[in-house]
Every structure is written in structure tokens, then in C-alpha cells.
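Labels for the chains are A, B, C, D and E, by order of writing; each one numbers its residues from 1.
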Amino acid sequence: MDSSALVLFFIVAVVLVGGAMLFSSFVPPTSYNPAKFEPYECGIETIGGSWLQYTVGYYLFAIIFLIFDVETVFVFPWAVVMKHAGMTGYVEILIFFFILGLGLLYGWKKHALKWE
Amino acid sequence: MAEFSEKYIITDEIKADEYLVNIGPQHPSTHGVLRLLTRLEGEIVHNVEPHIGYIHSGIEKMTEALSYPQIVHLTDRMDYLSAHMNNEAVCLCVENALQVEVPERVKYIRTIFDELQRLASHQLWWCASGMDLGALTAFFYGLRDREDILDIFEETCGARLTLNYSVPGGVMFDIHPNFQKSVKAFITKFRKKLPEYDKLLTDNIIFQNRTKGVGVLSKEDAIAFGVTGPTGRASGFSCDVRKHHPYSAYPYIKFDEKLGTDGDSFMRWKVRMDEMWESMNIIEQLIDNIPEGDFAVKMKGVIKLPEGEFYQRVESARGEFGVYIVSDGKKNPYRVKFRSPGFSNLFTINHIAKGWKIADLVAIMATFDLVIPDIDR
Amino acid sequence: MGITSKKEFEKNDFPVLDSYEGGSIILTQLDALVNWARSNSVWPLTFGTRCCAIEFMAVGASRHDMARFGYEVARATPRQADMIIISGSINYKMAPVLKRLYDQIADPKYVIAMGACAVSGGPFYYNSYSIVKGADHVIPVDIYVPGCPPRPEALLYAFLQLQKKIKREKNFKKQLKK
Amino acid sequence: MKSFFNYIAEIFSGVWTLLTGMKVTAKYFFTPWKNVTQQYPENRDTLVMYDRFRGEVIMPHNENNEHKCTGCGLCENACPNGSIEIISKSIVNEEGKKKRIIDQHIYHLGMCTFCNLCVRACPSDAIVMGQKFEHAHWDRSTFTKVLNQPGSKIMEGIKE
Amino acid sequence: MAFEKYDFTPITQSIHQALIENVSPLLTTIIEWTIIGVLYLLFIAVFGLFLVYAERKVCAAFQQRLGPMRVGPWGLLQTIADFIKLLMKELITPKSVDKFLYNLAPFIVIIVPFLTISVIPFAPGLQSLDFDIGIFFVTAVSSVGVIGVLLAGWASNNKYSLIGGMRSGAQIVSYELSVGMSLITMVILAGTMQVSEIVELQRGGWFLFKGHIPALIAFTVFVIAGTAETNRGPFDLAEAESELTAGFHTEYSGIKFAFFFLAEYINLFIVAAMATIVFLGGWMPFHFGDWAAFNNVMDFIPGLVWFFLKVFGIIFLIMWFKWTFPRLRIDQILTLEWKYLLPINLFNILLMATMVLLGWHW
């Protein structure tokens, strides 16, 4: 089978979820009361909305992640041909990793790898 | 519903990036119906406001209509994990007021029950805080071993949790013939099980990272807030009532007061773990030497305290538990005030949880070992 | 052996609901299937107020093991729970919270009132100024378990009673009417 | 360099503590015969309560349908939460004297906290703690019980 | 070898031949797709339900209790009862949610494992898609799963959900790297990214043994990172029950919640299956040196059985983690990734490259 069969798996998943959700939204018993459709917060009414500006403590991680993720993309092809590339490929990747490692070390020492 | 929420509108403004999250009343880690109004910035806790009253049942007011044995029964429902200590406190207070000397046997039995109750309470604390920290298996191991103590309780008093075993003038029943045997069997068994607790959590690197240095309560603060019990002792505040104001059979025995130094969550944990060993030592000192004699002195049908004010403190599993009775000479007290350890312990939480993460708040709560009806009565 | 006789234990004295008009066999079979599933997978809300909560924990623990019934999946959010076990007293401040939690549970939902406080107010019935005299003043209760606190077996017996109660339900009435 | 070795040592000691933890759980996993679970509804036939277990208040009757309760009301007074109500009636006995005897000894199981104070207060041992615990019911009105059986009499020789 | 007789290729080939001779190519494709779709759907449904049951039994055994006992023999029908109940439970859509995204999230979390599972070879010839970039495909697709969790957290308009979703974002994004890099380590050894070829290369011995030290390190890292990627065990911060009640799926009820539940278990299976394929030789039997008799006996066990044995081994390991360790804090999770796993991984890749270059592997 070729990769177009991925569509099949996509369809199967959608049918499974959609079918079950359709069934479940019509058949089971329902009841109405106002509190049911309000957000749950341990039985107390929510104070203020939830869609506020949320302070994420990890935006620096996200940036470093980007660097490393792109790097992974570069390393995958190298990994496949590693056996054929031989010494040249090895030295090149050594340099590549050295620079990357320096970057990580720099971030580490600058306390970028710390949840603020 | 709208009126209900209006009562809780927060007076000071919510900052733009601040998150106002209610932890509780119904929340797995508040151990009851405590409400913590928490201000978060991302994961960081800015402010914790404990709101109590969700389990308030007016026990202090209720006691004004009850006779003394009935008050004893009601104290089971306050700090239900140290039910026997609460019973004993009221009984001791009444006995002191009437200047009744209870037989030695009663003193021994009461002390053994105190320590068994402390063990049971600490086991429950261990498993509940293990669950709060995410180690679910700990929950089951703690409760598994606790059942053995509950069996001993049930054999002698007929109840598992709300014992109502001490009565003014003695104890309700004599100990069961099997009592000494089963207590000794339990101690032997539990001495083997306790090191497992350490292996599973205390030594675990994840656990240590979660608790070491988290939520430090200094000794000065502990004293200022009136923090007692293992929580206070973890900060280095020597506050063991058993040591400083011995009652029942505590004057006859040797035991160490376990003091911590750091006052962080790990030290609170450690102090309680050490106390379990110490409790077993105390029981072993007493269990073979229970003197013969009556298990209660004959009291009058209707107990009337002389006019005056009486105070008695005991060391419950959570700290200093005090009973203050004002009597006007009738069969009901004029006013009763319970000094519960949880109340003073809880209100340090804003002080020490500030600046930590939400997961640390849960860890701090876990090591405080809160029982909400004890705080709220 | 101080427990109920076998006959009394197996007795099912729940009021019987009417059957479908025309006595549809398919719907009866479907009902049996759905009720079997529901009665065997009642997930409780993690909600505990007083001493009974400790016994509730003991029921979940190794000795008594609620998991045998398939009830061990205690959900902390009412959206996914099926049952509230009111384990302890409810006071006037807590009552709206309890009501709200109950409202937020997805249908079908069941309530077990555990212990004297939840059944009738128990020790706080006469002299307390703040306790609701029985949780059924706030939300409808399916099964009452007296005891202060009830021993774990008593709560397990309540689960059996709840199963009996669920098994006589008729689920497809609404669909029939349409 | 020292910090580097600390880093390595930290990893190994950390992993070691994790492994000891896993050993504890594995020990129980591989010894399933040591399980402590009691299977309640299945083990009903062998289930024995402790003899002091407090499950409910009962009034024992002998084979002639006689009980020991004199209707003195001490248990009603001793009860901290009003679970016991005594309704007495007056009858005229054979000697022509008026006498108060118990009509109904009402016991609210749903409110009882099993504190044993009523049993302690009873001078004639008329009420004791029973061991039945299977009380759960869908109707809470069934928890209000009349302890003295219909038509029962007081036993001979019980002092007033 | 003996186990070749369990090859599924002839069966699939003959079905394909029979179809293509009798009906048009388009119809053939449609029929084949239907068969495969139904088979996978059944497999995932049954396997997901079984894994939930297994988890409950395993955790019960760890905790000295029995687990589900009363529904069917040994509680075997427990999860089926759960499933029917969840299907018959009301779906609540709170008023304040972002309705489209709220309903989209369960689709995403289910679609992702469905796509990933397509490249997994269960036995010789029993694989539906065989890309030449199989490993890369798995890493790429599985990173989409986090979007479902993030959407669920954000769309619910609930504070707990949002915190849970955000945590999950940080966590999965980080551990994605470790999973990818430990796979890279093994790709260096294999020299290919085609899944079937990787399995085939392990005919002479599993990569875990062939690559010894660096492979062992990579395996450990993969299991840890895989646990974190499935939001399980000590890394279940996104739904940390004692902190955030139910985390990102706080507002989901009934069958929608069931899909999050199911996705967790399919993901668990995928992580275990990937570990099996890359490190433990997929459906290859266990051979020991030149013990011919032993090896022959091993060969008689079908490949399918071998595959599932190994998968269950890894799943048991991950469950063991979950039921032993306390939960990590969010900053500790990131510390573990960025200060421990990532440097170790970088070093490990170089180590493996050196080994391959010098021919020090078996």
C-alpha cells in the first residue's frame, strides 16, 4: 500500500470519534440546570475569566527547543548515511554538535534552563 | 447562586496577569472541604487565602447543652484521626476539675491508645500526602497497615474511628484479653513495614526534590503563629506537650522529642516518620507493664463540675490540643473552647507558600497534615 | 455471626418502575445491557467532608478494595463522575457548593448519603445551628447508609443496593415518546 | 571538573533510589498470594464481627417475647443526639395499682452515633449493641425503629 | 528459519491477487481499505479496552489488592461496562467554551495515534504502511498530539484546564527532542529509517545487544521520554489529579473524556511498540549465541507473539514507573530533560557514531 492509505487511517479515526460523539449527544439522558453549563472550579463560581494573559515560565525553553528541533531534522539524514559518509561526515557532525553543545552550555550558564 | 458569590468578591483588584483559582472546597488535596483562594501568576503562587467554614458545625456551642460524657463523644467528630486524644483531653479536664485520681491501669491504657492513635493518624497522613505528591501506591500501603491498628481498636472498643473510649473516670471497657498480644504482633509487623515506607518515598530522589527546601517555616515564625505538633517541631520549636506537661502515663516513660532543624516540607515529613518509631518505642515500654486494677472509677450519674475555669492540653497527632471549660456548677458547661492545632498550623500557609509553585502548595499542605473539622469544629 | 440473614440480604424491595407500553422486548434487552454497564461502573467523585471520608478511603484501600466492583476510578471532576458519596455533614455554607457539584455531574448521577450526618444530621441534629439536617434537603439521595461512620462493609453493602436500584431503570422512555 | 563528576554521581545515586523504590512495589507484585483483600459480599458466610462491635442498638427478647426495659428513660437522657425516644403508657396491673410501662422504645438508627452511652446508662441491661451493619436503604424512614416487639412484656423480676 | 512460516505476506498477497483478478483496481483498493480500516478499528478498540483492564489489574497487584473482580470472570468485562456507560453518559458542553476547538480536541488526540499505528509492523508481512522514512514519520506525527491536549486545555475555558494544557505543552515539546534523538542514535546503527528494514536488520541480534552501551543508554532515555510523552507515570502533570483535579480534560464528560483516556493507552502502545521495533528486534525471536536447540525452540513461537510479549514487557515497565514514583514538578521535568537527558543524548549520538565508524558494534 502506498502513503495515500494514510487518508484511510484519518477517516477511520474521524468516523470513530464522530460516530461515538453523535451517538452520545442524542441517546443518553440529559437534564438542564444553569450550573451545569458553567465552568467547574471545585464547586465555587469562577472569579474572572480563564482566557487571561497566562504567564508561561518556559518561553526560553521554547526558543531552545526550536533550535534543537531544527537540528534534529538536520541530523536525521546524516544518521541514515552515517555509515557511507565515513570520517568526513563524522568530523562535520562533531563540529556541528560542538557548536550546539556550546549553545546549550551558554544557555545553562545564563540560567535560561530555569523555570521562571 | 449570584448572591452566594457576591459575598466572596475580592476587595482588592485582580491584576491583569493574575489568576484567581479556588482550590477547594471539593478538591482531592485539601483533605476535606477547605477552600484556598489562590492567586497565581502562571504556576507561581502569589497569595493563598484559606477560607474556612465549609464544615463548621458549632461544636463549641453545642457542648453548652450537653453533659460531660456527651461532650466526650462529640469530640470524636472534631479531629477524627486523633479521636482518642480528644476524648482523653476532655476526660482529663473533667477529672482534674473534680480532683478524681484515676487508677494506674487507666493511665497506661490511655497512653497506649494515644500512641496507637498517633500511629494510625501518621499512617493516614503518610498515605494521603503520598497521594498528593502523586505516589498512588503509597496511599494503599499506608491504609493497609492502618487497618491492623483499626482492628485492635475495634476489638477493644467496638469502633474503628470514633472510639469514644475514654470516659470521665476511666475507660469505657476493660481492654480485650487479646489486646496485648495483638498490639505486640502489630508492632513486630510494623517495624518491618516502616523501612519500606522510607524506601518507597523518603529516600526517593523525586520525592526529595519535591520537598527539600520547599515551604520553609522558621522557628521564630512557628512560635509566632503558634504552630505546634510535628509541624512546629520540624522548625526546631520544642513544643511536645507529652514532654513539657506530661499527663497519663507519660511521666513514667522515656522517649525522645524529635526535633527538626530546617522547617521545610522534608523535615516535617522526617519528623513524623521518626515519631512513628518513637510511638512504637513508647508502646513497647508500656504494653507489658499494664498494672492490674479497675478500668474506671465510679463516677456520679450526673457529673457536675465545680464553678471555675479548667484547662487541659494533650498532644494530639497534629499538635497541642487544648480543652478550656468554664463551668458554673451545673451539669452542662457554661462555655467550652477547644484549642485545635490545625487552626494555627493552617494559617501559616500564606506565609510559607508564597512564591512557590502550585505543586509545592500541595506538597506543603500534605506535610501540614490538616484535618478540616479540627480547624473548623 | 451478627449480620443479616441471606434471605434478607438478597431481598430487593425497591419500588418497581412501569414497563414500556407494548412491552418492547428489544428495549428491555437494551435496558438490561445499559443497566448492567452502569451498575458496574459507578465512578465516585472525590468528595469527603468528615470522618466518613476516612472510611470511604478505607473502602478504596487494599483491605476492602472498592475496585472489585469497578468503582475505584475516583474522578476529581464532576463531569466524569457518576456518584457523589456525601461522607459527612453538610452545613449551610457548604450546601450551595454541594448543590453546584451535583448539578455539574453529567447524567445519570447517583448519590449515597454516608453516615449519620448525611442521613439526618446525626449528632448535630438537635443542638447545632449550622448543619443541614440530612443531605437530602439539598440534593436527592439514592441510598442512605446509617452508621457513624459506617464500617467499610456497610458502604460496600450500599454499593450492592445501588446496583439493585440502577438495574430496574428504564432508559429509553424519552426516545419512545418522540 | 569536580562538578562534572558530581553530575555523574548524582545521576547514578538518583537512579539507585528509584530502583530501590521499584523493588518495594515489585516485591508485592510478585507475591500476589499475600494480598490482603477481603471480598465482602462473597465472604459473608465466614464474616465475623468483633464481639464488641457497635452496629446498632437492639433490645433482646426472650422466647416468651419478654424484654427487660422498664421505660425509665435513662437511655433517652444519656443519648447525646436524641436518637432514642421513649413513649410509655400507664396500665393497671392485677393488684389494681397504676403502673407506667413502656409502650414504644423508638430508636432512630439514622441519627445514632453508636457511642454506647445508652447501653452504659441502662440499669437493667435491656438494650445492647447489636452487630448488624447492613442497614443501607433507599428510604430513610425505615431507620426509625421500635425496639420492643409488638405485644412484648417486661420480664419478671426486673426492678423498677 | 522456522519462524518464516508464520509470515503473513502470502496471505495478504493472495487476497490482493484474488481481488485484483476478479474486480477492478479501484474496487480492490476500496475493499482492501475497508478490511484494513475495520481490522485496525477493532484492534484499537479491543486492545485499548484490554490495556485499561490490564492497567487496573497491574496496579491492583502492586497495591496488594485484587482489582476488578465482579464483572465477568476476574472482571474481564469491566472495561466493556465502562465503555458502554461512558457512551450512555450525557455530554456536557459548557456555555463558556470555544465550541469548535472544544469538540476538535478529541478528534486530534485520536487521529494522531491512528496515523502513527499504521507504520507499526506486528509480524512479518503484517504492516499496512512501510515508508522509507518510517521512524521520521512517527516522530513527526506524534508531535501533533500535543496540539490536541493544548486545544483541550485552552478551549475548555477553565483555569485548571489551561494550566494543565500549558504544562503539557512545555513537557511534550521538550521530551519530543529526547525521543527523536534516542531514535537517531539507533538510526545511525541501522543506517535506515524504514521500519521493516530495521526489524529485518535485527535478525542476527537485537539492536539493544548489538549496540551495547550506547544502545542501552538510548533505550533508557527512550523509555523515560516515552513515558513523559504519553503523559503518564511520574510525568502526568497535565492531569495531575491532586493539583489540577483532572487537568486539561476537566470539562470533558462521557465519551469525549473516554477518547482522551483511550488516546493515552494507544500512545502507550505506540511508545512500547516503537521501543520494541527499534531496540528489541520487533517480531524477531530471542536468540542466544550459538545455542542451536534453544534458538530453534524460540523460532517456533510466532512473530506476532514475540512482538506482543515485548510490547507488554515495556508497557509493564511503564506501568511500574507510574505506580511507584511520586509526580515531578514542572520545573523538575524540564530540568530532567534539558540538563540530563539532552546532554546525555547528544553525547550518546557521538558515542554511537564513533562506535559505528570504528566497527565496535556486533
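Observations on the model:
In this text, a residue touches a chain if its C-beta (ideal position, glycine included) is under 8 Å from a C-beta of that chain, and two chains touch if they have at least 3 such contacts.
Since the structure is predicted, the reported quantities are computational estimates derived from the model, not experimental observations.
Looking at the partners of subunit A and subunit C together, the chains they share are B, E. Between C-D and D-E, more C-beta contact pairs are found at C-D. On a Cα centroid basis, the chain most remote from subunit A in this structure is D.
Taking each chain's centre as the mean of its C-alpha atoms, subunit B lies 45 Å from subunit E. Look at where the CA atoms of subunit B average out and do the same for subunit D: the two points lie 24 Å apart. Note: centroid distance subunit B to subunit C, computed from Cα atoms, is 30 Å.
Among the residues of subunit C, those touching two or more other chains are numbered 61-63, 65, 68, 76-77, 79, 97, 100-101, 104, 107-108, 123-124, 126, 148, 151, 171. The residues of subunit B that reach two or more other chains are 1, 4, 19, 21, 25-28, 42-43, 66, 73-74, 76, 137, 140-141, 144, 147, 162, 200-201, 204, 206, listed in rising order. The residues of subunit E that reach two or more other chains are 62-66, 69, 88-92, 159-160, 166, 241, 245, 250-251, 254, 323-325, 330-331, listed in rising order.
By the document's touch criterion, interfaces exist between A-B, A-C, A-E, B-C, B-D, B-E, C-D, C-E, D-E.
Looking at the complex, you find that subunit E touches subunit B at residues 59, 62-65, 159-160, 163, 166-167, 234, 236-237, 240-245, 323-332.
Within the complex formed with subunit E, the residues of subunit B that make contact are 19, 21, 27-29, 40, 42-43, 130-138, 140-141, 144, 200-201, 204, 206-207, 209-210, 357-360, 362.
Within the complex formed with subunit A, the residues of subunit C that make contact are 77-79, 97-101, 103-104, 107-108, 171, 174-175. Listed in rising order, the residues of subunit D touching subunit C in the complex are 35-41, 44, 47-49, 53, 55, 80-82, 108-114, 130-140, 143.
Those residues of subunit C lying in contact with subunit E across their complex are 33-34, 36-38, 40-41, 61-62, 65, 67-70, 72-73, 75-77, 79-80, 82, 104, 106-108, 171.
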